[in-house]
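One structure below.
Going in written order, the chains are labelled A, B and C, and every chain counts its residues from 1.
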Amino acid sequence: MDFGGINPVTLIATLMVTSVPILLAALGEAVVERSGVLNLGVEGMMILGAIGGFITAVQTGSPVLGFLGGALAGAVLSAIFALLTQVFLANQVATGLALTLFGLGVSSLAGQGYNGIKPPATGKVPFGPLADIPVLGPILFGHDWVVYFSLAMVAAIWWVLRSTRAGLILRAVGENHDAAHALGYRVNRIRLLAILFGGAMAGMGGAYVSLVRVPQWTDGITAGAGWIALAIVVFASWRPWRVLIGAYLFGGISVLQLNLQAAGSAIPVEYLSMAPYLITILVLVVISSGKGKAATGAPAELGHNFHASR
Amino acid sequence: MLRLEKRPNPSRFWLYATPVVAVLLTMIAGGLLFAAMGKNPFEVIRTIFWDPIFGQFAFYLRGQLLVKAGPLILIAIGLALGFRAGIWNIGAEGQYIIGAICAAAVGLAAYPTESRWIFPAMVIAGAFGGWAWAMIPAILKTRFNTNEILVSLMLVYVAETIVAKAATGFLKNPEGMGFPGSRNLSTFPATANPELFAGSGLHWGGVTALVMAILAWVLLSRHILGFQIRLAGQAPRAARFNGVNPNRLVMLCMGASGALAGLAGMFEVTGPAGQITIDFGTGYGFTAIIVAFLGRLNPLGIVLAGFIMALTYVGGEMASTNLGLPDAAIQVFQGMLLFFLLGVDMLTNYRIRLRAAGTTVKGAL
Amino acid sequence: MLLEGLTKAYPGVVANSDVSFGIGEGEIHALLGENGAGKSTLVKMIYGLVKPDVGRMVLRGQPYVPAKPAEARRLGVAMVFQHFSLFEALTVAENVALGMETPPPMRELAARIRSVSEEYGLPLDPGRMVGDLSAGERQRVEIIRCLLQDPKLLIMDEPTSVLTPQEVEILFRTLRQLRAEGTSILYISHKLEEIRALCDEATILRRGRVVGTCTPRERTAREMAELMVGATLGTPTRSPRPKGQVALGVSDLSVASPIAFGTPLRGVSFTVAAGEVLGIAGVAGNGQDELLLALSGELRAPGDRVRLNDHAIGDLGPAERRRAGLVSAPEDRYGHAAAPDMSLTENALLTAAIRRKLTRHGFIDWAKTRAFAEEIIADYDVRTPGPGTAARALSGGNLQKFLMGRELLQDADAIVINQPTWGVDAAAAASIRQKILDCAATGAAVVVISQDLDELLEIADSFAVLNEGRMTKPRPTQGLTMDEIGMMMGGAHGMEVAHHAEA
């Protein structure tokens, strides 16, 4: 079952793990953008989540608390974004960039003294003999809880957006904030909650990088994953199941690329490590070409600040 | 309760006062941060903001200020043109790197020839490299409506891989005894970008930055093209009504900012850096975003902002060697500056009112 | 419903001062006033969006203090907005659900929407995307959203501005049916004939104060108008003039709409002679914006589809068309015709740079530009501290006067205007209409696109209608009847299948 030294079952099982950080972050950002807010600070929130989660896990010895710590760190940073854009009405693009620059700095500052430490391991969920089933076992029953959590979140967010009143209100605010305000909905408050949720998801995704994927702390550990998550939201037309597809597609490419490097492929290492970024660009081009804003499904108010006049 | 109220007219006072307030607030918050890290906040702030200009080693550090401020200003001016038009090139770091690689490649190809035409050719190559790298997101944006923010940023990571490849591969010094890195361009007269006056820190990059600042200022305030750039950023539909072609504007602003970033890379690789190394990109392209906003996207303001940001670099290095302040603390400090700037920025267009029960009281601001 | 002494002040303006009146059960009560008279602030207080500074409200004998719209809705107050509070990318049913406190599950809601829409003769498919609906249908969504909550008081803010005359009739029938069922209706409008036809009582607001109450049936429209404006009104004067050569010609012009949920133009043809005013009527969203864009040059077409003085200009951009002698004024003042955050001087430069020669080799002559802005301010009586003021600081009427002046003072051969007096008070509107007529008298060909039929009948020499992107053949305005105009406007949209419940 090997193709050029790559086992497809292992590939799928590995890509499910590899994709978790961008999946979580992109899901969170999809919710934020559905409410009409463009938070470009995903990379910053992820890396702060990565160090926040790492420190919490190392100090408490509990990986679960580590993930909560990561989520909290991401949410705290997103609270700054919410304050600036929802209260002080700052430009969302600029504030998002600031968030990333600030997050990179803070994480590097906070991470001093944590280089070279191993975090407590996040174990696989014990499915007993189920994990030994050939092919399906490693793919379906061979992961840690965060992998299942991320999948559950896809379904949960899809359901909330589609079928609940909260989801309807969130979409309404992202489509036309003036109308939502006229009907009596608190636009900025709803957006604030969405932003905090997005921050927590990004932070948790970051924590997965430092606690499971790598697992250790180095400066700049997220290496652009936050930006890729943003691209996946566009790719997915703001829909949760498509976010899953995008994240897994991307995870697959990353894993394949690493496997090719390991297998000693003829393609130079540098060009392989460029591949995820180039493919992201390619995908963005394919998705955005030939369509207007309405056709891509972008929320109409994306990136616009709301201020109730009179 | 505090309430924001839109001003009918933007406040001229706050237009100029916000950067000052932001710097002061950053000093306070940064001081608290340094205190929390067990440093004497006053000493750190003095080391960063005072010593490089007036301290014991100011004769040397003042020159360093110009060395750091040059590329920041050059890049920020290009970015500001785009930001004014609502075109978000945030991949200046990549354009800076590619500009440097192109310039170095031209210089190294000519090695060891001596000709006074080599340096100008490198200038053109640097500008071209940055321009071409910025054209990728620009063309994708105009042809396929692809988000320029994400593409230009992705290309930074690609550029970083390329520069690593250049330093260890195609531009590697054949006499470097296997160490990564190109030949040192600053040691060859034909390719060097030396200090114009000994100890001043001023090289051709600094001169170019100042000239570009003046040109950009004239463009924005006196020329119809500058008016169209501002119009496109503030009211895109009004710009189309005016007759602005949005695609042309994207190509123009992205191209200009790319070329300026490439130039900055060129002057850096031939001067202060001297060679292409694996970690040639030091973040000027990102810090320049802060500089552009701190300068209120105004070319003359950007010159000032460039020097303030250079202070945090030079002073930060001092604080790092003398007081043991981690480098990352400076990065946090710069990030904070941008936060405070964006936060107080709304005072230009809004006023804060204190609202007590039933009555409206004019607030302190 | 009883209002007593309601007062609301904003910094610098008193929006409402000591407003008191009552609305009886099963009464249609008109609230009459010009733009800026304080109608919308009053309504927002009733609907819980704004809190009054002083005064109290009583609903069916109970003190009524709504903290937010949700509470107002719970207490039986519903509102149909002037600019619809609808979400284009959501379905009809989802839009209705958003306006309800405790909506039933979607399937049940859809069934109720169907039954209510049949009961009141307002056909509507709950599964359709609101963005695909016509303006009249969108209003039905709002009305049904209100009706589903069984309101005691229904507020309607300028409901007929988006309807064809036939659709107005259908709406009135629905409202009368509601009145018969005991619902009170607060009907806000400045269209006096409608109020006379529909309303039982009227309260007239001027500058935030109640200046009179009356029974509309017993008053003439002119009497009410003078109460509303507080002065006697003059009608614009026009000097009879010979028709000149054809200046602007459009033939078989078709363009796709660049606007989300917009209407494409389908084979529009007309000619306008020098000195002639062509009025183009139609309900909003039938291609008016697209026509303006196609004429201003923001949308391009094959060259010979638009001709100016017999030169093909269809493939030229806005700047080249201005140079050729065609200027235009879009409807949306804040963001399209003007940049709100820029000064009046800069906004003068926006369209006049070419014809008024405000630049030399691309460099802007700011002194000359400021002088031009000052000229507009003086000629068009724009109330502002000076040309350095930001456009957003001007009231709608003042900014419109400035923008009209900017285009009309460019000595163009052809002028295209979309909604010249939308949201402008009566005095300013009259002066704008006069200026348009003056311009035509000096030999300009003028196209006025408007949803205000009275306005078009007053100033247009010939009259045409845009309906779903198609334009009728222009006819002389003189001798047209309201019924003919209604038929030109396409009658009632989607009502062919409507069977008004004749129970």
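FYI, contacts are C-beta pairs under 8 Å (C-beta built on N, C-alpha and C of every residue); 3 or more make two chains touch, one makes a residue touch a chain.
Note that the structure is a prediction, hence the values are computed from the model and not measured.
The pair with more inter-chain C-beta contacts, choosing from A-B and B-C, is A-B. Farthest chain from subunit A (centres taken as the mean of C-alpha atoms): C. Per-chain CA centroids place subunit A at a distance of 45 Å from subunit C. Separating the CA-averaged centres of subunit A and subunit B is a span of 28 Å. With centres set at the average Cα position, the gap from subunit B to subunit C is 47 Å. For subunit A, the set of residues that touch two or more other chains comprises 292. Shared interface positions of subunit B, i.e. residues touching 2 or more other chains, are not present. Not a single residue in subunit C touches at least two other chains.
Interface residues of subunit A, counted against subunit B in their complex, comprise 40, 80, 83-84, 87-91, 93-95, 97-98, 101-106, 108-109, 112, 219, 223-224, 227, 230-231, 234, 268, 270-271, 273-274, 277-278, 280-281, 284-285, 288-292, 307, 309. On subunit C, the positions that touch subunit A within their shared complex are 10, 41, 44, 48-50, 68-70, 72-73, 81, 84-90, 94, 97-99, 103, 258, 260-261. In the complex of the two chains, the subunit B residues touching subunit C come out as 5, 8-10, 222-225, 227, 230-231, 234-235, 237-238, 240-243, 245, 349, 353, 358, 360, 362. Looking at the complex, you find that subunit C touches subunit B at residues 9, 11, 53, 296-298, 317-320, 322, 330, 332, 335-342, 346, 349-351, 353, 359, 362-364, 366, 389-390, 392-393. Residues of subunit A that touch subunit C in their complex: 165, 168-169, 171-172, 175-176, 178-180, 182-185, 292-294, 299-300, 310.
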